[in-house]
């Protein structure tokens, strides 16, 4: 599967670059931890309140930290005109995009896995109650964030003020994905089962992921080549 | 010639609007629970219809631009989006006035208002994106992609916020129940002048874009050597 | 089948035509020098040939295929203004990456071979960040020639090269031409360009002012072409 191999080559390159310099990773992780801390001053983290907003809080942290990471995604190709060399190569735009999405996905999941125990400690929340459901929400929600964030990273790559533009453009588009993830996570962390009506959130999340992955793949060549 | 048509349309719209307002104030009875302010719905809802119609037109224009690379479509896209945003803002403001009078608070997280706010921010982002790109062809291309992505998320926004709000009920501006036929007729009747205004504004804006393009090309020509 | 066929290409930025009705072609073994003042459209044209930009009107064909075709892209090598090398990876990792992207059968061996040819094998595992400028330039050349491209698109390749790198590049270009490759090279360094070029295309304000073989007059007096076909000033 040539396409898969090309995708993995790009993903491996991005991961290797990032893990070697750790610039975006460190910034993102530190930012996530700082936000977790800041939120504790915004309200009194008694157990009742926390249970109600746990999902929202977590995904806000993931979203803020995630966008910091996603900004780097295509921006890392700018020094030395590497992006031009990638576009001029036989690599299909879709493989470039999905390779980067994969790398960002892995990095963001890593950050989330670090944030969860910290969150559990700071806010006294037992997050291990329903691990399978939680993992599912993390996997689906993070994919939505990553796909949308990476394609916008490509869109904004040549703009000045890229660091400001990307969050401003991405967050409204991510609202349905974040909302579903927040709602599901709150329920899961509260130990409640996901049934009936609530399952609709999962369906929406999957629909969002599928549609935006398809759109991103369809539009990436238009975004990259003028 | 085009100017004359626009003026004629404007006059028609103004006459329709005057007639509607007169009917609203004198002929239609007050709504049972909400009183006189209920009449604001005849502007509130058509503005929303117009707003999303404009955004849909912008989507069509975006796809047309990417297919043809004719910058006229890009001019249409930006004009439609700006006018859509204007009417969206009108919808939000009338909603806020209504909420203030009915509920005593400026903002209710009514799912329709919230969805409109999110979509408004989405498309405001479109304008900021355009501002950040100087070269017209690149701007048209990337803005078209943004338009496609934005409209694709609109249905998701509505669904998710509606479900969310049914789980956390907030004051609702007007229920989903059916409206008396007299009201409904007036609603659509009032949509007509608003739609005409939208068309006039879009046409004027497109003319502006065309002139700006000519200026840009001339400026480039002079500065090239 | 021509290696490169450019047919009535126009490029508009908004309403401004950066390229107007450019048509030329190149066969195997030919080296086309793309000349013109700054702003004439050389880089715009090269970017279109490299697949980085679409022409607004007209067609570009590489080896009989549309210029966006993946097969055509795998036969093309480019050197642009940037070296297109990742600073945080090592020289070996960079070349191996590009070898994989160009689907070479043995990326490891190709990378090592070209590190040797460009005298970078001793520093192959150091991050490129630590390289001197000359070493980075040689690595960029290795990257461009790695997959034995049959069409080379070079945008001012001799600019800011040290003499070692210039000699290396000239040798590689000559070898490629001798093996039946085609080169399109934009340059201000008329001397080095004219040495290698078999044909010239002169661009003036986006138009093709002259197209033809490289004559002895052009080699002897590098300004002759501009004076004859270019602008008065």
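Residue numbering begins at 1 within each chain, and the chains themselves are lettered A, B and C in the order written.
FYI, a residue touches a chain if its C-beta (ideal position, glycine included) is under 8 Å from a C-beta of that chain, and two chains touch if they have at least 3 such contacts.
Bear in mind that the values here come from a model prediction, so they are computed numbers and not experimental data.
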Work through the pairs of chains, note which ones touch, and then classify the graph as line, ring, star, complete or other. complete
Most central chain, judged by mean C-alpha position against the global CA mean: A
If I rank B-C and A-C by number of C-beta contact pairs, which comes first? A-C
Chain A-chain B separation of Cα centroids, rounded to whole Å: 31
Go ahead and note the Å separation of the Cα centroids belonging to chain B and chain C. 49
Centroid of chain A to centroid of chain C, CA atoms only: how many Å? 38
Residues of chain A that contact two or more other chains, please. 226
Interface hub residues of chain B, defined as touching at least two other chains: 137
Chain A partner contacts - residues on chain B that touch it in the complex: 66, 118-119, 121-122, 125, 128-129, 132-133, 137-138, 141-142, 144-146, 148-150, 152-153, 156-157, 159-161, 163-164, 167
Complex interface listing, chain A residues touching chain B: 148, 151, 155-156, 158-161, 165, 168-169, 172-173, 175-176, 179-180, 183, 200-201, 204, 207-208, 211-212, 215, 219, 222-223, 226
In the complex, go through chain C and note every residue touching chain B. 12-16, 37, 39, 56, 205
Touching residues of chain C toward chain A in the complex: what are they? 50-54, 68, 70-71, 73-74, 76, 78, 80-89, 93, 97-98, 100-103, 127, 143
Chain C-touching residues of chain B, taken from the complex the two chains share: 69, 71, 135-137, 213-214, 216-217, 220-221, 224-225
